[in-house]
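For reference, chains read A, B, C, D and E in written order, and residue numbers begin at 1 within each chain.
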Amino acid sequence: MSILLLWPVPLLMVALGLIGGNWYWHLPTLLGGVHWGLDGVAQRLLLAIGLVWLVSLLVGRARYQQPRLWPWLLLAQLASLLLPLALDLMSFYLAFVALGLSLYGVIRLCGGSRCSGVGRRYLVLMLVADGLVLEASLPLVAASHGQLLLAPLSAQLSQHPGAGLMLALGFALKAGALLGHGWLTALARRLPAPPLLLVSGLLLAAGLGGWLRLPGLIQGWAGLVIHILALLALLATVGGALNCRQRRPAQGWVVVSQVALLMVLMTSAPQSDPALRLTSAAWLITQQPLLWLLACLPAASGGRRLLWWLAALPWWALLPMLASGEPWLLLPTLLVSVAAAHAAAIGSPDDSLDRRQPARVLLVTMAVAVAGQLAIVTPWLATQRGLTHLLGVGALWWLLAITAAAMVHRYGPRQWPKPLPEGDWLKVLVPPLLVAWDHMLKALASLDQPPAITLGRRHWPRRLLAKAAQLESGLTGGVLASVALLLVLIALAIGWG
Amino acid sequence: MIRSDALLPILVMLPLSLALLLLLSGRWGRFLSLAGMVLTTALAALLLSHGGQPLHHAMGGWPAPLGIGLRADGLATLMVMMTALVCSAALIYGEYWFDGAKAEQGRQFRPLAWLLWAGVNALLLADDLFNLYVTLELLTLLAAGLAALMATQAALTAALRYLMVALIASTAFLLGVALLYGATGTLALELISIRVAANPQPVLVVAMALMVGGLALKAALFPLHGWLPPAHGGAAPPVSALLSALVVKASFYVVLRLWMGPLAPLTGGVGPVLGVLGGMAIVWGGWQALRQHNLKMVVAYSTVAQMGYLFLAFDLLQGAGYASALNGMVLQAVAHGLAKGAMFLAAGALVVAAGGYRVDQLQGMASRQPLAVTALAVAGISLAGMPPTAGFAGKWLLLQAAWLNGQWLWLAVMLAGSLLTASYLLKVVAVTFLPAPVAASVGCGQRLGGVALMLALLALLAGFAVMPMLQLLAPVATTGGWL
Amino acid sequence: MSDAALLLITVSCSLVGGIVIFLLPEQQRGWRTAINLGAALIKILCLLLIVGAVLNGQVLSVRLPFLPGADLVLRADAMSLLFAILSALLWLVTTIYAIGYLEGAPHRRRFFGFFSLCVTATMGIALAGNLITFFLFYELLTLTTYPLVVHRGTPKALAAGRRYLAYTLVGGVVLLTGVLWLQQLLGSVDFSHGGVVSVLADSHRPALVAIFALLIGGVAVKAAVVPLHGWLPEAMVAPAPVSALLHAVAVVKAGAFGVVRICYDVFGIEYAASLGVLQPLAVMAGVTILWGSLRALVQSDLKRRLAYSTISQASYIILGVALFGPLATIGGLVHLVHQGIMKITLFFCAGNYAETLGIHAIDQLDGVGQRMPLTTVAFTIGALGMIGVPATAGFVSKWYLGQGALAADMGWVLWLLLASSLLNAAYFLPLLHRAWFRVQRQPWPEEHIPRRPGRETSLLLLLPPLVTALSVVMAGLWAGAPFSPLVWAQLITALEYRP
Amino acid sequence: MTSALGYAIAGALLVAMGLAAMLLHHHLVRRLIAFNIMGGGVFLVLLGLAPGHGEQADPVAQALILTGIVVAVAATGLALALARRLHQAGGDVRLDHPSSREDDDDQK
Amino acid sequence: MRVVAHRLIVAGCTVVGLALVYAVVNVQGPAPDLALAVSGALAESGVSHPVTAVLLNFRAYDTLLEVAVMLVAPLVAAALPTTAPAPAKPTNDPVLQALAAVAVPLALLLAIYLLLIGASRSGGAFHAAAVLAGALVLLQLATGRSLPAWLTPTRQQPLLILGLALFCAVGWLSLLLGGYFLGYPPAWAGVMILVIESGLTLSLALALWRLMP
């Protein structure tokens, strides 16, 4: 009987999501004047969140029997119901914080003692995120003479780029994007699927909810910083996915890279039509549970893994990419799909032999696509956007091409060296480019003989020197890669400014 | 019928006559004493109701230069009222304290106490210089006699030491009177002040020094205070209450009376000397009280400290701060009288209950003797000058006077003094909160504590009656001279 | 009923109650409880009548002659009512709690007697109309709280009491000097909106700064500002209702209220700003906030951690005053009430743990959520309030303080608030974590009250924390409601900042 | 230098000597005798300064002296009674500690 | 150390002495108006001798207090619980007894003479009492008994306070009659003074004697 207690709210959410209709509710006494309303954004978010809840409850029926868990789940449900509906900052922030705290309870009670370390790290990040959002919203409210509605607040964002940056970071940290993904991947290893689905889905909704409610978030130099962060996050997550040897962690990284991809898309085309952005966000949120769901199936046969790969492909990204007219955005999407392929390819946790087949097919197609783009699009772009943009985009292509080449090699000879130790904390800090860089060097170096060095954690300065010694043979690749990196940064800075 | 100002002689003679009657009466002495007490206090209240304007009664019908007069201005009426309250409390306390083995001394104590009351009233109302000497002498002998009442060796030694010192002081005072009489040819105070103002001769300064020196000796001002702690500490509680609150206060009152009256023009030089001695008394008395182990000695040294306050105030009686200094002094005197009396009575009750004099024997008294401990605490608060007691009003006015006159040193000393007082009094009260170490202790009634508490509450209530009291003093303060 | 009578009854009903309790013999438990509750209810009733009068613009006041040139004035204006109502309500709750807490303890007569006197002093401080009355009740508060601190009678309690007296007496003397000095310059110093000091000529400016330092120094002792906070953690040795009353309502709040009175009604906030004294005050408050939180982190004893958190929280009020601007003032004033209800909740729960399970240290808290769920819920609400989680009272005041800081363009205060919120989280969340998510490892130290199926501890102990926890949430959620502390603070601020 | 002034000066000297004796001696009876000498000195001063006219001394001064004498007698009587009582109670007849005994010249 | 204290005290006293001499020497006393006032009012005082008039009429209040002072000493002596043995046995020394036989009756006669002469020439209660007390003491020393056996200490009490009681009675009487306290009606002044004086003589003598044993 008691599990039924948890069903009404998600059903209400889905119903609201489906029926729609925009009503508006203002309570003057509560929290100093509260405005709740159901508009387009709220409708889609509610639908997505409702689905996440339904899936999680369905899959995790057995796990949610323990009564200690219910108050936390109920609080999470109420918060996730309030979040989309909130039109004023106060109630939004209340839902935002309540969601974070209640999910901590879910993590600790479902994960048990295995999740205590991660739980603590999660809580710290949540508090920092809440603090950032609060600090950022204060000047905005002060600037708009104390009124709390979100819409006019986002209008203030243009004069307060600093506040905008902090807000963006706060939301991203909550959703596990922009380099804030450390805890999500760690959780992926320790938390059983249903609560994990719940946590990542809801928090993503919270983060994206913020982005959607405050469209003016990415303007001026803040936008640029976020964009760079998004790119770095993308590379890091993809690198991480490729580094995993077990299926479950790899799938976790893939899901995270999806979020990173969304960030890249959102920050790459600020002027793009917000509705488009909304649909892609909503779609991603709905896709999340599907991925986790499939991830938690038992050791899958080849077909099921292929199914997972298809599901994991970032279909939702296609539409905004084409509309934004930024063809180069295809590359990040492809990267994510590569990662998905890799994750799907891992059959059983220890067997890495038969993963070659589908991945290889995909990689070949990707290589061809890259070459085609280089040939056709670059001249077209040169005329369109002027030389600097061309240089920037060109450098970016070149870098990505090398990375792609490294990927291809990745699936080459079996004697691939021992990967970076998984899930260690420092790795998140090591810039993702270094990871790509490492792959690239190995690829170049090992073109003729097997590489002798490994990138262990503790002595990498000394190994860097050893690598330099080895470089004189593969000098060309290294120099070229670093030059490409610099060009990218300069071009973006100029092009964007 | 009876003259309107007959109240003054009655106030002096009624206690005297009662003392004589008590000497004769055997069994019903207790009832006579209580009835007399009520009557005298009522008369004192009647005098109080006369308000500020002064009453004058020429004894024997002879006008000023020839005969002796009795005068009661605001200052005197207040002191008479305070005396009435303290004496009543001490007498009632005496009824309970002198029971069983000490019944014999109790019967002797009663007439002597009444004589003391008469003597103090006579001194307060005296308007004649030689009469002041006689009343002072009466008080001295009575005080020595009462101090020696317990007839223990320590009490006798202390009484004799006190007597010796007091005799020297009286002789000095008499010498001063002689010189003044020689210089001015009259004994009535207001005539003297007129003649002194007429031609201030150098001899008057010597007379002044002698008289003030003698009185300071009697009032146990700092360097000359050696005799007070053993005398007041060793005596029976009602006796030490009377001594500390009244006898010592009486000599201060005479100095004040002379200071404002006849010797007003000469006070220039003496003021700072008294100020310095008073300041040192505050610090020394406080410091000693902090180090005492015997409860009654703590209270005795506190008397030395508080007298320091009163004499320090003499130095404030100048310039802009004159009026508030005078008000402050009088309030401080009245408050100290009530509070010190209550404190000695409470200390006596605690000593009886604890069966010992040492402070650390008082553990657990808060639960066994709540009334006595409360009395001790309230009296302590009044002495330390914490609001809402009258002590606070007195200190506030003295501080204000120091401020107006710009005497920052005295300000600091007074503040430090009140802190010191607070610390050593509350130290004693704190001990009573400790749990009682030994169960058995002589169980005695709360009556002793009750009487002490009544007096302590009077000190507290006086805090609220400050303004009417000051109205009484108004005529004295503003004119600055003798009415 | 004439306003003078009303005011006097408000202040004196607990005084009379206290005296009657002193006279009652120890075993008259029934009567004593009746008197206590009766006095509390009368006081609340009077206050409601006064609020009615004040709302329709009337300012009640009564003037009693006390000293030449300075007389006792009781005045009920908006600000005094804020503190008075807080004290009255919390006193009622604390009395109920104390009755439950001291079940069968010795010396209850003495305890409740001084308890009532203490509240009389607090009420006096709240309703004081001029500086001398404020000082009088301020000193009275010292005297009446001392017996409560040393109530247990153990040598440790006496040491704490002695230290408490040393601090507060010196504070009192410093305050007296300030009051006296101001009295000389200005004659009688009546509180009035916008301050009275500005009328003095400019030649007095350095003197006024010195006076401000003296007054604030004297009051800061009780408000436990950093250099003068030593007594507060020591006073934790007192029984729980005392530390609850001392920290949440009476002493610390009186100190903070003193600062508010001095800055607004004696100096006037504009004049104080022009004197340039607000900046150091803000720095002092900031230092206290951080220092209190940092010290709280390392405490292993539950009540000492709460004590240090009080030290830091009390300075929020001073910070609110020191940030020159209406928003910060609202923040400061409303925090005066919110901190009271939040802190009293925490202390009640700490008292429950100590009384029921004998828990004093923090590492004994493991798994207490199972054993005493309701108390731990109240504790959680209080703790979250302290951290400033939205929908609790704490968030409202931190929100307005943040706004005020921005309005006064003191950027560093914004980051200070963030840092202190995080620190609060750092020392409160582990407690919640232990209570809810840790399983009970060793048996409870001394289980006085066995676990009955329906109730985790005696009703008298359980009810007060729940009521105050509810009020924390209500003050947070319904901040906009007509009679909420926030609206009342806005009303006061409107008076303080003349257009 | 009328004869009255002579008496006054003699009185003053007597007072000084009496005071010295009273402070130096410790034996109670000696101190009482010294006190009486001082008293006598004071009365001489009083008489010397009194503004008597013609041969008869000022009656008020005489009355004062008479009263003074009676008071002195009363004080001495009380002191002696107390001293005797102290002696009976086994106490020493000197107020200070016994060490002051050896400097008394006519040691009994 | 003690020697230094001694020298200090002596030096102090000499300074006091010199100050007194200096003061005494240059006192400019005003005209003797008080003495004239006394002689002027002597007529209504009821006695002819100015000193007795001052003592018992003009400054009667002073004398009253002085008698009270005189009363304190015996009271305190009586109050102290004496643990002393019975008074020593009479020495029955022939010389003493012979002296007593001659001196005591003469002393009694002289006492009565002094009492009565007080009104006109110097004399009065105090002188008479002193002589009477001397006689009693002499009798005690010589014969071991001075007061009759029935006059036990408790019975002596009324006699002891007789003088002061009379004084107060007269004072109250004059006050109740609407006059000033101790304001003798001129006609009766002489008689009243005599009555008071005789009472005083007896009680003062007893008081002085009580101090002896």
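Going forward, a contact is a pair of C-beta atoms (placed from the backbone, for glycine too) under 8 Å apart; a residue touches a chain by one contact, two chains touch by 3 or more.
Just so it is clear, the model here is predicted, and its values are computed rather than measured.
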item	value
Path length in steps (a step moves to a chain that is touched) from chain A to chain C	1
Residual chain clusters - chain C taken out, nothing else repositioned: A | B, D, E
item	value
Contacts common to chain C and chain D (chain labels)	B
Chain pair with the most C-beta contacts	B-E
Central chain (by mean CA position)	C
Most distant chain from chain A, judged by the mean position of its C-alpha atoms	E
Rounded Å distance between chain B and chain E, as computed from the means of their C-alpha atoms	30
Geometric centre distance via CA averages, chain E-chain D, whole Å	17
Separation of chain A from chain B, taking each centre as the mean of its C-alpha atoms, in whole Å	89
Rounded Å distance between chain C and chain E, as computed from the means of their C-alpha atoms	73
Junction residues of chain E, two or more chains touched	20, 23-24, 27, 29-32, 34, 38, 58-59, 62, 66, 69, 72-73, 76, 80
Touching two or more other chains - residues of chain D	8, 15, 19, 45, 48-49, 51, 60, 67, 71, 74-75, 78, 82, 85, 89
Touching pairs among all chains present in the structure	A-C, B-C, B-D, B-E, D-E
Residues of chain E touching chain B in the complex	19-20, 22-24, 26-34, 37-38, 41, 57-62, 65-66, 68-69, 72-73, 75-76, 78-81, 157-158, 160-161, 164-165, 168, 171-172, 175-176, 178-184
Sites on chain B touched by chain C in the complex	324, 327, 366-367, 370, 374, 381, 386-388, 392-393, 396-397, 399-400, 403-404, 415, 418-419, 422-423, 426, 430, 433-435, 464, 466-467, 470
Chain D-facing residues of chain B, complex	130, 134, 137, 140-141, 144-145, 148, 151-153, 156-157, 159-161, 163-164, 167-168, 170-171, 174-175, 177-179, 181-183, 185, 187
List of chain A residues in touch with chain C within their complex	28-33, 90, 93-94, 97-98, 101, 105, 108-109, 123, 127-128, 131, 134-135, 138-139, 141-142, 146
Residues on chain C engaged by chain B in the complex (per definition of touch)	22, 65-70, 106-107, 110, 135-137, 139-140, 143, 146-147, 150, 153-155, 158, 161-162, 165, 169-170, 173, 176-177, 180-181, 183-184
